[in-house]
Each structure stands twice: as C-alpha cells, then as structure tokens.
Amino acid sequence: MTAHLPVLQVIIPLLAAPLCALARRGRIAWGIALATSWTTFWIAIQLLARVRSEGPISYALGGWAAPVGIEYRIDLLSAFVLVIVTGIGAVVTPYALKSVEREIEAAKIPLFYAAFVLCLTGLLGITVTGDVFNVFVFLEISSLSAYALIGLGQDRRALTAAFQYLIMGSIGATFIVIGIGMMYVMTGSLNMADLSVLLAELGPNRTIVVAFGFLTVGISLKLALFPLHLWLPNAYTYAPSTVTAFIAATATKVAVYMLLRFFFTIFGVVFSFDVMQLDRVLLPLALIAIVTMSLVAIFQTNVKRMLAYSSVAQIGYMILGISLASVTGLTGGILHLFNHALIKGSLFMAMGCVMYRVGSVEIDAMRGLGKKMPWTMAAFVAGGLSLIGVPLTVGFISKWYLILGALERGWWPVAALILAASLMAVVYIWRVVEVAYFQEGPGEDSSIVEAPLALLIPTWVLVFANFYFGIDATFTTEVAGAAARSLMGLVP
Amino acid sequence: MSPALTLGVAVVLPIVGALIILALGKWPNARDAAGIITAGVLFALVLRLVEPIRAGLRPEYPVLEVLPGVSLSLKLEPLGLVFALVASFLWIVTALYSVGYMRGHHEKNQTRFFAFFALAISGAMGVAFAGNLFTLFAFYEAITLCTFPLVTHHGTPEAKRAGRVYLGILLSTSIGFQLLAIIWTWQLAGTLDFRDGGILAGTASNGVLSVLLILFVFGAGKAAVMPFHRWLPAAMVAPTPVSALLHAVAVVKVGVFTILKVSVYVFGVDLLGTLASTMWLAWVAATTIILGSLVAFTKDNLKARLAYSTISQLSYIVLGALLANEMGIIGGGMHIAMHAFGKITLFFAAGAVLVCAHEKDISRMHGLGRTMPITFGAFFVGALSIIGVPPAGGAWSKWFLGMGTLEAGQVGLLVVLMVSSLLSLVYLLEVPVRAFFSAPPEDAHRGDGIHEAPWPVLVAMVITAVATLALFLYPGPLYELMNMVVN
Amino acid sequence: MNVMGLMNYWAFIFLMMVGFYILISQGNLVKKIVGLNVFQTSVFILYISMGKIRGGTAPILTEGDPIYSNPLPHVLILTAIVVGVATTALGLSLVVRIHEAYGTVEEDDIHDLDLAVAGGEDQSFPVSGMDARA
C-alpha cells in the first residue's frame, strides 16, 4: 500500500471528482471532498517523511519503467509542494461548506466540489510527475477546473474574468506543449531525469533555445509573472471566496514549482543561468513586479483585488529568489512559496468571512467591522502583519533569506527594494485596518455579526500556522534549504 | 527560580497580566488591582536579578531556534537590567496613576487600554533582556504594534492621523534600516549575539561599517534622532499615562537602549571610536539636542513641549553612546534612568492639570499653582532633573556626559550640552513660575471646581519626584551597574 | 533540407501566427475561441510532423521489417486534442453565460457595460437568478 502512495496522491482526488458530481446533495459532495483533501494531506505528509528519511521516491506508473513509461518522481521539493497544496486544501475544504452554500446555487454545489477536487488533482499531478507531457495534461486538468470554479462567482464579471483567464491560460499551456515538443524532437525523451542527461550531452542548440523561450513564456503566463499577470486580478477578485483562497494559495505556487523543475532539473543551472542568462530576464521583471504591483495595490478600493495585486508582487519575491541563482536566494524563494501560501490563504479566508456576513469586500464595507467581527478582522490584521514581514511571522522568514541572498551577491539596491516594498504592504494593509477600526459602520445593521465558527476555525488554523512557522522555522528552512541545494546540483 | 528562568518569566508575566486584565474587564476595581499587582510582582522579579549581576553572573535563557543559527534568546547583562528596573518600577507607579487618571478623565475602553499597556511592558522587558539582535528586533516591533492602539485610543480623526505618522515612521525606520543592518551584520559576522567587545571588529572595511552604524542609529527610530522624530509629538494625542510611561520611558528608551547596546555589544567601544561616521552621527545627535530644545520653546501645549524636550534629551543618550568612551557610555546609561524619573514626573503633572483644570496650554496656567501646589511642586522637581542641576538625579548623568565629551576631546559638544541645559532651564521652569507667581487670568471661566488631583495621581507623582531626588543622593548602585557595562 | 521539405513546419508556424493574431485582434468572444482552436491545431501539426518518418508505415506489427513512424507523438496529440475540445467546450459555455448576463459577446460592449455601471466597483451584479446575499 505505502509503495503506491505517489500514485494514490493523484488517483484518489481523480476518482473523488465524479463521485462529487454524482452526489445529489451539496453536503454529501462536500463530505467526499473533505475526506479526499484530508487523505491527500495525510499522504503528502507520509511522502515528505519518506523522502526525508530515504531520499527521492521513483514510481513507475503501470509497472512500465522509465524512460519509456511514465515515472512519478518525488524529491524533497515536490514533497514540500505537495504538503503546501494538500495542506491548504485540507484547511480550505472545511471552510468551503458554509461559504459555498452562501455564494453558490444549491444545484451547482456538487459540481462545484467536483471541479474543486479536479483542480486539486491537477495541481498534485504536476507536482508528483516526472514526465514533461504529463505535466501538460495535469496542468490542463487543474486550469480547466479553475476556469470553471472562477466562473461560478456571484458577480457577472466573474464570467469575463474566467474567460480572460481561459484564453491566457490556454495560450500559456500551448506554449508549454510547443516547448515540450521541441525538446522531444531533439532528444526523443519525455522523462525529466532522462531529458536532463540528454540535454546536457546535446549542448546549446537553436531548437533547444527556442524551446527554452516557449517554456519560459508559457510558465510565466501560468505563474502570473509581471507583465503576464493581467488575468490574475480579475480572476481573484470575482471568484467565489473559497476558490480565491484556494487558488491564490496553491495554483501560482505550483506554477513556480514548474519553473523550478524545468529550469533547474531539466535544463540545469548552467544552461539556464550561464548560457541563457535567465536571471537577466527574471530579475528586472521580479523587481518591477514587486514595486509597481505593491504600488497598484495601495490604490485599490476592493480588498480582494488589492490582495490580488499584492499576490503578483509576492510572486515577484519568489522569482527574485530564483533569479539570485544561489542556494540562499533559492531557499528564500522556496520558503516564500510555502509562507506566501499561508499568508494569502489566511487573508483571503478572512475576506471570505466578511463576504459571508456583509456581502461585499469593498473597502467601504469594512467600516466598523473591527467591533462587529472582531475575530475576523483580527485574523486579517495577523495575516497582514505576516505579509508585511513582522518578526516571528512567516513573512519575516522569507524576507530574511531573500535579503541575505541579495546581500551575498552584493546587490544593495535589490535589498533596499525588498524592504521598500514591505513598507508599501504596511500602507495597503493599514488602509483596511483604519477603515475597520476607526470608522463607524453605516447604521446599526444587526445582521452583521461575527462569522460562524465553521469559517473562523479554518481561518485561524492558517493564522496560527503563520505564527508557528514564523517562530520555529527550523523545519521549513531545513527542507527548503536541502531542496535548494539539490536543485543547484549540490549534494544535499 | 534560577536567574535564567526569571528572565523568561519577566517577559511572560506582563502578557499573563494582560490576559487577566481582559478577563476581569467587567469588574474595574479587580482589573485595576490586578494591573498594579502584576506590576509589583514584575518589579520584585527584576529586583532579584541584581544579586546575580553583582556576583558576576550572566545567565542566558535560550527560548528556541527560529532559523538555523538565529534564535530567540534572553540574556542578563547590566545595561539591560538598568532599563528593566526603571521600566518595571515606573510601571507600578504608572499603573497607580492611570487608575486615577483614566477614571478622572472618564476614558472609554479602559480594559483594552490596560491590556495593551501590559503587552507593551512585556515588549520592553523582552528588549531589555534580549540576548541577540534578532530578539531585540522582534520585541522592538512588538512594542510598536502594541502601542499603536494606545496612541489611537480616542479613535478620533486626529488620533488616526497621529497613528499613521507613528506607525509610518517607526515601521519604515525599523524595517527599512534596522532590519537591513541586522541581516547585513549576520552576513558579515555570522552571528547576532551580543558579546563583550563586539562582534563586528575586523569583518569589513571602515567605510562599510560606518554605513552600518548609520543604519543602526537611524534604524532605531524610537530614539527620535532628527529627522525621524516626528512620531513622538504625534504620539502625544494618547492618554497621558501612555505619554508618561511609554513615550517618556519605555518606548523611547527602547530606541536609545538599542543604540547603546549595539554600540557596546555589536560594534564594541574600541571599534566605534575608529569609525568615520561616529563623530558625524554625534553631531547629528548634537543638532537634535539643540533643535529639540529650540522647538520646545515655541510650543504652548504642555505635552508638545515635553515631547520636544524628550527628543532633545534622548539625543543626550545617543550622543553618550557615540562618544565611544567609558564616561560617555556610563553617562548615557545613567541618563536612561535619570531622564525617565524626571520626565515621567513632568508628564504626571501635565496629566493632573489636564484632568483637574482641563488646561493644556502653558499660557493659561497662571495661578494654578495656588490650587494645585503638590502637582506643580512635583513638576518643579522633575524640571530640575531634566535641566541637570542638583539636587536632582539628572545632574549626575549630565556630569558624566560632559566628562565624556572632554575625554573625546570635543569641546564643541560640551558647549552644546551646556546651551541645551540653559534652554531647558527656561522652557521648563516657565511652567511652575507662571503657576506659582502669576495671578489667575481675569477671564478665567474656571469655577471653584478646581482642586488638587485625585489621590492615586498625587501619590504617583510624589513617588517619582522623591525618587528623582533620591537618585541624586544615592547614585551609587546605578553607577556600579553602568560601570560593569564598560569594564 | 530544402524549404519545401519543411512544409509541415511552415504550416505550423503559419497556423500558429494566424491563430494568435485572431486571439489578439478579435473582440468577439466566439471568434477568440476559433482563434484559440487554430492556435492549438497548429501544435497538433507540429507533433504529428515530428513523428513521421519518410517511408515509414503505421506502427502495426506485420511480416518483414518495415520502417515505422513514431507513434508516440500521435498518442500525445490525441490527449492534446481531448484537452483542446474540453477547452473549447468550457470556453463556449462561458460565452453562453456571458451572453445571458450581458446580452452581448463583444468585448468592447462588455467593457462599456462594466464601466457604465459607474462607481460600479461597490456594487455587485449577480448573474441571473442568483441573489448576492441569498
């Protein structure tokens, strides 16, 4: 049984999806989704423990050995990402029950959970697989279900947002297939480990360079790297609260994982950074993303949209860490993958609580909520502090490594920019805090009371995680550090 | 309880106190009693740490490792003990005072107020006993955040604006400069521990370390070195006990304490003396001293005047640290205590005037001394200490600071100290002089309602005033502790 | 290696550009979907072309030892076609929903409608049959 854990990680949610769709009632579908998400979380923890003690796991799908068959390969990085994705899934699913009942028609709820579980399947599939074409297939599974989920938002603009995302996402995915095809033309292999060996033998070559270009653009579209982020703000803003919390915390993270896989594992550090000089492209874009998107976030009137722009900026942090191309920088990037999932998860879930009671996440709607919904707003403030990077929160840990990485390379202005952007985060978080705590609500609307526990408990679980992993970061830093070392080609 | 454990308990105790205060929110008397008792127990705990220090012990209490090599840890050393003693003792007095003030002034949300107050004290204890730069930074930020609700306590638009300035300056200096300096130090030295003699010697060129020192000095925004001083006058919208304990003692002293600590235990006095930027920064501090005094002159609002006086006095301590010699450090450290007792007395008196006579402006305080003699008497004693004349404690610290400037061969700085003392003589003594020697204004719509302040307020004021005098007569223990820092 | 020998690849590039152009230039959502289809189809041609070996036959075991074309790209592209169909279906169904909600499928009109609800940021526009605070 335990030998098959890698495939079960994907099969279980895949099978759960039709079950959810068949369920007549929303609560039954929810139960299935809950059981699925908790099981996958348990599996992910088992896998991480095994990878830490025994090293990478290779699983030949259907018994066909690689490179002919499809290989599922789990190393420290993928196990870590699996824990992030399933962990967020395990927290968001209990939260979904009430939030989804409020925001989505009863008849559609089973289908909602089917799409939700499918999205989870896709994200997990990308992470476990060791086969590049498989990556594309799972990418499309997760993306298509994500488009559908976003389109379920209450506002009609959710539809156009989903459509826009569909177009841009499909272009990105198609670029990725083209890149994969070109690699296949040159090497005749689709297996990641095999490819990395064959590509290294092949050396730089025009087709490979073109493939590299297609992959860079395609993946950047998926992870919403500035300036390819245009789909993201609307998608996050108008999607149902649960979906925003889940997708914001996982989908872009998995895209960053893809970037790491392709550029570090397959192409190798030498080709990506010395030959192609990827850092010269990524670094400026990351810095622009960090600064301009933080600035844009300050001027938003819709809090979810504000957080969406903030997400684009935070993705910039991850890419910045990657483009430093050093163990410290990469550790920072991978850590931020984990940490940002916790931060944005808790912030969007707090906004979901507001949506549940107030029905709007405009900044004006927050007036007086500090008194009426103290726990919700306290969660928002706590998540916000973590986003700012106050010590003893996870945000601080990632910033520590990113700045250290920048200083190691002697890149002064980069370190200064990271800090400056943290201060911009203070501004946009505090705008909400001021409205919530210093402005009186419009009249006495007695219907606005604290959100139900079913929403608050999952939110606070994530908030607690923000502090726990900020106070004792030895575990996360050790895993991220080891993953970074192995990506850089050093012995972990 | 071992001394090491005591450190941990001293940090946690105020947090427990805050929880008790929250739990007792419905019973104001029990709640306030709990606050005072917590403060008393805390002071007793800190007092117990004096013996181990005298015996030469430096116990450490490692809490946990946050990042590989970077840990939260507490460590006892004399400078921190001075700060902890002052802050915890004055918390008792302030707790007593607050009870009278908050009730006399009919403030709202008193429970929240007392709870955040206790949390801020916990932060101050954490800073005092921090064993490394990371711990210090963590508690430094915690204080900023815990005091924000206190500054904006009234919830008015004015309070909101002040809160923005407060948070904006304190967070941007600490994140923008101090955090950068800390990470940089880590990169250079490979450790963040406070060690005798410093950790940075020989790790980088003079120029790099000079920049680092600038980052540290301006990064400690709580020290209110110009041009990062605006938050302190802004914070005066807070209720008076906050201004008294936090913005004259705990918060601002955290800033100068950080600078002292970094000077002594990160750079080391020897290294500090050789850096190019040290003297330059000393002159920045000197400028702040003079400008702060001059601006204080122009303020008619009593609390605003005291705030600028604080800005000026804080830079005395910064200057003491940057003189990079024994006398300067001793003088700076002693001034932390001396200024604390003097300034808190002044704020207590200002608060009493506000509660009883509803007056904020100095120009309207004519003749108040006749109805409130004890209040203005205490103010007089506090003013003497700030000016630095006997028989108040401030005389000693200014003496050592003066000696320090001479030892450093900077006569110009000595002149600055003297001029500033003269200025403070004028702007501080104006208040009691008006109160005692001028007749009440004719138009005063003061009824007969004006009377001396409520008894808790009076008791608190008298205690601090007497302590100020006592520190002049018995500076020995304080000097002894500070002497341990440099030797 | 003459130009005509690379015919398939030229076709791939031509179709890709045509599809991409439609995607960018057309404001009609249905036409966008068409463009997306052309764009994706170009990739199918790329894959199928790379599997073809001159003189190779279909990979079916027969007598003798003929040259086989590589079947793998075909299989891959079967998957990709399925994905493409799914994308098209989802895209078109979104267009239908958009038409229900806005009464138009022109991007510019939709944009205007969103703007026309001036100050619209603070109101939500529930899609048909769904109350925001149900």
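Should a chain be cited, it is by its letter among A, B and C, assigned in written order, with residues numbered from 1 in that chain.
Methods note: contacts are C-beta pairs under 8 Å (C-beta built on N, C-alpha and C of every residue); 3 or more make two chains touch, one makes a residue touch a chain.
All values reported here derive from a predicted model rather than from experimental measurement.
J.: Which chain maximises the distance between its CA centroid and that of chain C?
T.: Here the answer is chain B, farthest from chain C.
J.: Mind having a look at which chain is the central one, using mean CA positions?
T.: Chain A is the most central one.
J.: So how far apart, in whole Å, are chain B and chain C when each is placed at the average of its C-alpha atoms?
T.: 67
J.: Cα centroid separation between chain A and chain B, in whole Å?
T.: Taking the mean C-alpha position of each chain, the two centres sit 44 Å apart.
J.: Rounded to a whole Å, what is the gap between the Cα centroids of chain A and chain C?
T.: Distance between chain centres, rounded to whole Å: 25 Å.
J.: Along chain C, where are the residues that touch chain A in the complex?
T.: 20, 23, 29, 32, 36, 39-40, 43, 46-47, 50, 73, 76, 79-80, 83, 86-87, 90-91, 94-95, 97-98, 101-102, 110, 114, 121-122, 124-127, 129-130, 132-134
J.: Given the complex with chain C, which residues does chain A contribute to the contact?
T.: Within the complex, chain A touches chain C at residues 102, 105, 133, 136-137, 140, 144, 147-148, 151, 154-160, 162-163, 166-167, 170-171, 173-174, 177-178, 181, 184-185, 301-302, 359-360, 362, 364-365.
J.: Spell out the part of chain A that touches chain B in their complex, as residue ranges.
T.: On the chain A side, the touching residues are 385, 388-392, 397, 399-400, 403-404, 407-408, 415-416, 419-420, 422-423, 426, 430, 434, 437-438, 470-474, 477-478, 481.
J.: In the complex, go through chain B and note every residue touching chain A.
T.: 64-68, 70, 72, 134, 137-138, 141-142, 145, 152, 155, 157, 159-160, 163-164, 167-168, 171-172, 175-176, 179-180, 183-184, 186-187
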